[in-house]
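What follows is a pair of complexes built around chain A, which joins chain B in one and chain C in the other.
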Partner chain A sequence: MNRITKIALGFVIVAVVFLPQLVNNNYILRLGILAGIFIMLASAHNLLMKVGQLSLGPVAFYGLGAYISAILSTRYHVPFLICFLIAGVAAALAGWGIGRLTLKMRTAYFVLVTIGFAEFFRLVALNWTDMTNGPMGITAIPAPAPWFKGYNLYYYFVLILVGLVLFVLYRLENSATGRAMLAIRENEVLGQSVGIDSYRYMMQAAVLSSFIIGLAGSFYAHFFQFIGPEILGFELTITIVVMVIAGGRATLAGPVLGAILFTIIPEVLRAATMWRMVIYGLLLVFIMLFTPDGVMPALVKGFQKLLELIRRRNSRSQKEVSADQESILADGLSNLVATINSSSAAEAAKQYGNAPVLEVDNLSVYFGGVHAVEKVCFSVNPGEILAIIGPNGAGKTTLLNAITRLGPITSGVVRYKGEEITSLSAHEIAKKHIVRTFQHTSVFRRVSTRRNLLLAHNGQEPNGILVNLLQTRELKQLEEVGRQLAEEILKFTGLERYGDYPANALPYGDQRLLELGIALGADPHLLLLDEPAAGMNPTEVDNLMVLIRRIRDMGITVVLVEHDMKLVMGISDRIIVLHHGKQIAMGTPNEIKRDEVVVNAYLGKVYKDVETVGC
Partner chain B sequence: MAKKMSLLSTLLLILGLLLSACGGGSATQAAPTEAQPAADTKSESPTAAPTVAPAEPVKFGVVEPLTGPVADSGSYVINGMNIGIDKINAEGGVCGRPLEAIVMDGKNDPQESANAAELLITRDQVPIIMGAWGSSSTLAVMPVMERHGVPLVVETSSSGKITLPETPGFAWTFRISPMSAMEAEASEPYLVSKLGMTKVAVLSVNNDWGRGAAQVFKEAIERQGGKVISEDFIEQSATDVLPQLTKIKNSEADSILMTTSAGQIATILKQYVELGMTQTVLTTGGSNYPIAVMGLSSKEIVEGTYHLVFYVPERFDLAGDPELAKWYLEEYKKRGLPEVGLGESYRGFDGVNVVAEAFKAVDCKADPVALQQALPKVTFKGLSGTVAFKERDGHQSRPNIYLVQMVDGKMVVPDFQFK
Partner chain C sequence: MVEFFQHVVNGLMIGGIYALMGIGLTLIFGIMNVVNFSHGEFYMLGAFGVYTLFTMLGLPYLAALLLTGIIFWFFGSIIERLILRPLQHQAIDVSMLATIGLSIFLSNLALIIWDPTPKDIGMPFPLIGVEIGPITLTPIRVFIFVAAMLLILGSHLFLRYNRFGKAIRATFQDREAAALMGVNTGLVNLVTFSWGTAIAAIAGGLLGPIFQVFPTMGTIVSSKSFAVVIAGGLGNFPGAILSGLLLGVAESLGAGYVSSGYRDAIAFILIIVVLIVRPTGLLGKARRLG
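Now for the complex of A and B:
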């Protein structure tokens, strides 16, 4: 945060805190209170959007919080603070339950199911007349306390609440949790492959967001003193989503600004009477057209441009990456001699000894009638480079997917350092320091190169919500390790000059290099590379070979799926050949080159009764 | 460059829109009377007082739905109110000062309505407000009125809760529209004995209004020895009621009681005719103006149906002031206002006159507390009987409630209801 932002923020805070004294106008205070409620709603909702899930059901928790609080206080005369907390907890529980049911779903399915839940809550509120008073709504909801008169108290109450919520969200955003959420949004599968438990983070987001929304609902009920099923209407959901998206979902300030703007705009437009909603709609269309990322990012960008203009007068020494720059791999790596010291692989290798690191025992993967992988057996020795080759469709990637648990296993067992890992999930595999790359370039596209590497280390950092909120020393230390590792990998891969550029701005070869870097960032002891040389020219392949050897020399065992024979024959210690899912040969590069079965398989000769290499 | 130009032009366009809209808005606010085409009745009116000096206007606030699904109903109320304001001002205003309404859109949304009321009280400093159409909106506005200590004249809402002492804001709320219970009470003597509603199927909209009405009518029917054999509540937006109607048709019901808006009543009646049903139909709730129902369906479809209404335009003798009712109907027609809106417009007319009477009682002082004190004593012979807050501790008036039957496209008032 630079000085100007700090000063601006200071002004805003002072203005907000002294608003009641400054304006002394109940109407504006009322809007302030409503804006506060909406800031909570929009910010909490944005939390869920941060993990890439568009929920259209925030009102379900809002309504739940409001109704629970209203029913408890009107029927059972429970004091406000208890109602308030119960409302939050109940909403969080509901968020947890609904999350359990829905978070396995993605995209449109998730959206539809959340709409369904919101509607379900609305219908319950509407039809369970004995409890909710149905469409008649609940009146005479008491104020938080008898001395809660006038708007000032409500205003400060909601102000403190908003402050707390924003503080929590800020803390989370700048912690392992926030980085993990970014990784999930950008590339969920890649995130899992480096050890990020996306389901767990989504659950955290769902529970925390519904908790906040539930609190907001409770406060709303006691402020408004009347609630009806209207607050569970779809219109409110749309308002909240508009606030988040039009405000700018990428930042913390976006939804805040969105909430304030879209509380004020309809009020300002009151003067337009019947044309109000028409103008409101038009405004919205224009906002989305001209600031597609939201108002807040557009403001920040405009401000930065202004600053740059001023700065450029003084100096013009901006370095920029030109699009036609040669890939680092093609440039040659001879001058790169950096090693990665923060990696724990060497230490682990020293302790482990000589038994096979990975044992694949009778592994089969069937997709219906298709036997993609059939009873494959092999083991990987510590410190070796093992290549898996075979024609397209031989089942190589399926095999990698099965080992890293990103794909299914039909039968068979995989052991890592003697321990069965077949029943683990993808992110747990990564936590065991087994990391993979992907056949198709897979990076966190809109994130800077340096941050890509930081995200990669996330799986090794604690994922507890409290640890991240409190920012414990343990967390800070691990963060520091991640930062150091990222810098070392930048040097190691030669990507240093791209450190601050988004990954998708990098040349193709360098994106593949970054992919390798991401895998290294997850601190692997066993690295599984899926066609790392795909799409590379001969020079780039030569350099990649150097790099892979260096990785092995750091104590990392490498399993490689590859088509490029030069690379395979050049660096592998042993080679396994797959054909139609079956393992047809295993041996050193020289043995494989002479193997008749392999040659036939590759050249497409008809062959009968291939003996698969048994276990 | 082209993009910058387009951006600039759009910005200009928005600005233009905003300015013109604001201009339009403030014009209706500042002089709602001039906006009316028939504003010149002022000078023609025989009762016109010597030209009103440009005294400071007496302002009051209005919260009605001007946008949203029930915007049309809100605009009907506003139409009636404007006729009322013009008449009052043509006759010299209140205390020699012109009466002026500041109208705010409440969208019939509780939160919006409450915001609107807040704005009227704090920015415009109105000492009294009329509104806010739907019961939910009114119930949401009431705590705001209580906080500021400003009285509210309720012109449309029917929920019984509004004039219950334990409801926040009760002390400041004065209602001229009848509660559902009043409708039930008024019709109780003839529901079973004359209309023959012994086995009744209830088909109502699923909101406070529909549910509330169903409850009180059920009690009334049972007191008279009839029976409610089924209750169905439909969504406000439902357009297909064939399942419910088929069920009713196949039951032993001899009559159907409907509480919903004119639009939905028309939809239901169309499907009722389609199914060839013969059950007696009675509609209630105050938004069931039969002419509007007919306008949305046809003369044949509404033939023979019964409706409880609070205002029968053609029957001047039933109004609180027959002369006034006659004048009002003529004036309404003269202004070319939609006939379907006539049935709801009277609320605005009676409402604004109550506001004017209250102002007169306090010498037009913008004093909310004085107005609150004055309102229980206000009487006004209006279009729907005489407004007088005699019930619910001086907060509830009992207007006219009449049964009408549609015969040959006309509203007929059956005689059996007058003992």
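Now for the complex of A and C:
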């Protein structure tokens, strides 16, 4: 945050706090209270957008909170504060339950099934007349206390709530949780491969979001003192979603601005009488057409451009990295001699001894009738570079996917340092310091290179919501380790000059290098590389060889899937050959070169009855 | 038992319309990756189209229906060009919100043009019931079901055997590969959306004579066609037909035997149950079309 923003923010806060004294107008105060409720709703709903999920069911929790609070206070005369808390907790529980059912779904499936839940809740409110009064709604909901009168009090109540909510969200945004959420919405699979438990974070988002929405619902009920099934209607969902997306999804300020704008716009449009909603709809279409990322990011971008313009006028020396610059891999990476000291691999290797680190025992992966991997057995010794080669479709990537649990296993066992890891999930594997890269370039595309490396370390940082809210010392220390590691990796890979540029602005070869950097950022002890040299020219491959050797020298064991024979033969200690899912040979590079079976299978001759090398 | 079959027959008629709405939505999603929230409004406008042409201007019903289809084909093309094409590389929620804006715009515009009071289209066919055994069928219901089935069959045959239909299927499989093989994928988008719009409008025109016509009639049909599309598997053409018919029958039976208040909840219970039991929909995620 720069100084101008801080000053502006200060003014806004002062104005908001003294609004009742400044205007003393009930209409404006009522709008302020409404805007406050909407800021809570939009910001809470935005939590799910932060993990890349669009829900069209926030009103389910809003309605639940409102109805529970209303029923408890009118029928059972429960005091307001208790109703308020129960409403939040009940909504959070509902969020947890619905999350369990739906958070495995993605994109449009999730979107549409959440509408289903909201509609279902609405129909229950409409039809369960004994409890909810059906379409008549619940009237005469008491104020929070007998002395709680006048808009001023409600205004300050909602102001404090909004302040708390925004504070919590701000803390989370700037913690390991916020970074993990960024990683998930940028590239979920890559996130899992470096140890980020996306399901857990989505669940945290769902529960916290529905808790806040439930509280807002309770406040709404006691403020208006009347509720009906309309608060579960699709129109309200649209309003909330519009606020979030038009304001700027996944940002902190976006939904706040969106909520304020879209509380005011319909009021202003009242002047247009019957044309009001027509204009509103059209406005929405135009906002999407012209600022698809939201108004807030567009404003920020415009503001930055303006600053840039002023700065450029003052000083004409501008450093720019041009996209057509040669890849770092092509121009002299071998001159770089930086090492990574923050890695824990060397220490772990020293303690571990000489037994195999990874044992793959009779591993099979079938896709229906296709036997992609058939009873493969091998083990990886500590500190070695083991290559897996074979023609396309031999099952190499499937094997890597199975080991790292990003893909299915049909049968067989994988052990890491003697411990079975077959039943773990992908992010748990990464937490055990087993990290992989991908055949197709996989980075956090819209995030700066430096931030990419910070995100990579996220899997090693605590993922509890409380730890991240309180920003404990343990968390800070781990964050510092991540920062150091990131700087060292930037130097190690030579990507330092790109530190502040988004990953998708890097030349292809350097994106692959960044991918390697991301894997290193997760502090691997065992590194599985899936065709790291694909698409590289001979010079780049030479440099990559140097780099992989250095990684091994740091105490990291390397498993390499690769087609480039120069690379494979040049750096591997041992080689395994797969063909049609079966392991047909294993040995040193020299043995493999002379192996007739391998030569026939890999060079493309038709070779039937290939014998499998047994366990 | 007789009552049961009567419910099933009535359900099949509504189900035919759900299926008709569903195939449009599902193809638009499958081809364009757009969740079209204005589909229900196209349905509503179709009903008003037939109301204007048939009831007010006195055209023959079939001609009014056909003309409505043609008008909305062009209407769909315009929407695709002006709104969806510029957004095709954006995240899915951007185009979704744009179609939500469009639906607010259209339904409120309809409110101004035709005012909120429900309108009767009037009966295009004689109201005499035809009795087949113990079940009574009115000609209009038979016509609706047959027309819906013919449209579905026609769409299927077009996708299956027509050269352009094949191009649509190729685009569904892999947009980039299809483009490299010379398929004009922009045109595929245009035709898919225009076709979906026209079909939705005709569906509205078909069901109009049975129910009343009013500007907010699209909302509930729209959410039900979403249910149909999800339950059948997103992008799954036969899945949408099957779950459309199923939903129609389930609603009719539910309203008849359980409670008519929860009639509209059946659709949502259906998707929730289907997605929990079979997360990819009744017939699974579509791998091919037609």
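The rule we apply is simple: the second predicted complex is superposed on the first by the 613 of 615 C-alpha atoms of A that agree within 3 Å, B and C clash if a C-alpha of one lies under 4 Å from a C-alpha of the other, contacts with A are read in each partner's own complex, and residues count from 1 in each chain.
Just so we're on the same page, a residue touches a chain if its C-beta (ideal position, glycine included) is under 8 Å from a C-beta of that chain, and two chains touch if they have at least 3 such contacts.
Everything numeric in this text was worked out from a predicted model, so none of it was measured.
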| item | value |
| --- | --- |
| Chain B versus chain C as contact partner of A:241, first or second or both or neither | second |
| Contacts of A:126 with chain B and chain C, given as first, second, both or neither | both |
| Touched partner set for A:274, first chain B, second chain C, both or neither | both |
| Contacts of A:224 with chain B and chain C, given as first, second, both or neither | first |
| Partner chain in contact with A:140 - chain B first, chain C second, else both or neither | first |
| Touching partner for A:104 - first (chain B), second (chain C), both, neither | second |
| Which of chain B and chain C A:116 touches, first, second, both or neither | second |
| Touching partner for A:283 - first (chain B), second (chain C), both, neither | both |
| Set of chain A residues, in rising order, touched by both chain B and chain C | 126-127, 274-277, 282-283 |
| Sites on chain A touched by chain B in the complex | 25-28, 30-31, 34, 126-127, 129, 134-137, 139-140, 149-151, 224-226, 228, 230, 266-267, 269-277, 279, 282-283, 286, 290 |
| Contacting residues of chain B [partner chain A, same complex] | 7, 10, 14, 17-18, 21-22, 24-26, 28-29, 66-68, 71, 75, 103-105, 109-112, 114-116, 118-119, 121-123, 135-136, 139-140, 142-143, 147-148, 159, 161, 166-168, 206-212, 233 |
| Contacting residues of chain A [partner chain C, same complex] | 54, 101-102, 104-105, 107-109, 111-113, 115-117, 119-120, 123-124, 126-127, 234, 238, 241-242, 245-246, 249, 274-278, 280-285, 287-289, 292 |
| Residue numbers on chain C that touch chain A, as the complex places them | 29, 35, 83, 86-87, 90-98, 100-106, 108-109, 111-112, 219, 223, 226-227, 229-230, 234, 259, 261-262, 264-265, 267-269, 271-272, 275-276, 279 |
